[in-house]
Amino acid sequence: MASKAEIADFVRQQFPQTRCIIEQVGKLSATVKHPIGPEDLRPGGTVRGGIMMEVADVALYIAILGEIGIVPLTVTTSLNINFLRKPSATRSIVGVCQLLKVGRALVVGEVALYSEGIEDMVAHAVGTYSIPPQR
Amino acid sequence: MASKAEIADFVRQQFPQTRCIIEQVGKLSATVKHPIGPEDLRPGGTVRGGIMMEVADVALYIAILGEIGIVPLTVTTSLNINFLRKPSATRSIVGVCQLLKVGRALVVGEVALYSEGIEDMVAHAVGTYSIPPQR
Amino acid sequence: MASKAEIADFVRQQFPQTRCIIEQVGKLSATVKHPIGPEDLRPGGTVRGGIMMEVADVALYIAILGEIGIVPLTVTTSLNINFLRKPSATRSIVGVCQLLKVGRALVVGEVALYSEGIEDMVAHAVGTYSIPPQR
Amino acid sequence: MASKAEIADFVRQQFPQTRCIIEQVGKLSATVKHPIGPEDLRPGGTVRGGIMMEVADVALYIAILGEIGIVPLTVTTSLNINFLRKPSATRSIVGVCQLLKVGRALVVGEVALYSEGIEDMVAHAVGTYSIPPQR
């Protein structure tokens, strides 16, 4: 298992490309936050689907690293997302991940996505990650 | 219906946030290309899942605009993606969309994703878009 | 909205093909149970995927009827399921549905599937239903 | 690899529960057919979702056995299906599977579903199977 501080260090050094900020890790779960600016919008003044999928994907990755330790080559094998409500164009997107199963080779988890500070879920994702055999 | 030039104009003016370039539109299909640089990678030196999902999402959007005309508020309702092979860290990601059904309210299509110039598919997505009622 | 008794009546008369039994309906949720016998198994002595998908699909349908009333032509538009653990070959499959969004035209919900009496989830599904326009 | 006759023998002996009939196997593909009778319908006189998901699931299984040989414990890990058009209430459902990737541990394929003899696809599925490690 890896702590929030260890994962934050790893992300800072090995994954500076992501704009997701780790808020919480542990107990088969993680919460990440992604700031939203004009560059993250699509026509209609709403958040681009790709940004929300990125948040879901990273929330899963962080929750898994929290559970199995820093295994960088853990990779997404599938992701399914349903968009439920129009997110705010000015609030951060928050992704709350809960892992459903941590197997030897595959991990499955779900992610609830919110516009920060608003109760109704804006999207819901379920994803699968593959853990490399020799770790 | 909208031509490639009309859609490219619309994207330039209303959706400058996307880095996807339109290659082809028409006959229930579209091809888009997304350049890949260091900022698009994740640990392991492969392309971030979020970037590939963005390409799938935009390829669907472009194919739909090609079919129904410029209806900006056509929005993704769901997307499912399977990652098949590790994409190249230096080649553009190409998304080839084929629409499977264009209904009154919902459109469904699939997208094959490639590293440019390499034959094997790196990911495969299926997505659904909702068309607003009064257009 | 429709009560459990009204939906059970409707299912008895209009949907006798299903072997799902309604256990609970209401508050954006439903629980259904499907008995498992030798005819429901696949090689390896586990429950056929098709049976678990049927339970997920019917649990969603019942939860939606509970919310919007008896609208028989409410139909599935998509379903995504992840299989997590091997279900018991002799226990009923229980599907617990929670709706995530009830829109004007689309409803999205998730379903947790269990072998009756065993705590760990055996599968998790997310599905979308379309509500016909004139009801 | 296994031939159509070998797989048909295996299905007859080990998987008599399925009503799917194998039509073709080979070259990363398979076609199966499922007869439709009144017991397979749902309210609205259309085919139950569970039946179409069963056909997709079995078509994938048969295509995989054709590729990797008779490995009975190859099991579904996920399935995503989109329903496109109302299937005929009286025609068989035909599932045409094409595998997209056959990996060491995971196989991904897509399935086009039809009402027999009608050109337009009624549903489209993508599924993932896990191959057991020691085979």
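For reference, chains read A, B, C and D in written order, and residue numbers begin at 1 within each chain.
Everything that follows uses one rule, which is that contacts are C-beta pairs under 8 Å (C-beta built on N, C-alpha and C of every residue); 3 or more make two chains touch, one makes a residue touch a chain.
From a predicted model like this one, the values you see are computed outputs, not experimental measurements.
Undergrad: Please indicate which chain is farthest from chain B, where distance is taken between mean Cα coordinates of the chains.
TA: C
Undergrad: Taking contacts as defined above, which has more of them, B-D or C-D?
TA: Per the contact counts, C-D leads.
Undergrad: Chain C to chain D: how many Å between their CA centres?
TA: It comes to 21 Å between the two C-alpha centres.
Undergrad: Hey, how far is the Cα centre of chain B from the one of chain D, in Å?
TA: 28
Undergrad: In chain B, which residues are in touch with two or more of the other chains?
TA: Residues 77-78, 80, 82, 128 of chain B touch two or more partner chains.
Undergrad: Under the touch definition given earlier, write down the residues of chain D that touch chain B in their complex.
TA: Going by the criterion above, the answer is residues 80, 82, 84-85, 100-101, 108, 110, 121, 124, 126, 128.
Undergrad: For chain B, which residues are in contact with chain C within the complex?
TA: On the chain B side, the touching residues are 77-78, 80, 105-106, 128, 130.
Undergrad: Under the stated contact criterion, what part of chain C meets chain D in this complex?
TA: Contacts found on chain C: 10, 14-15, 17-18, 38-44, 46, 48-51, 53-54, 57-58, 72-73, 75-83, 86.
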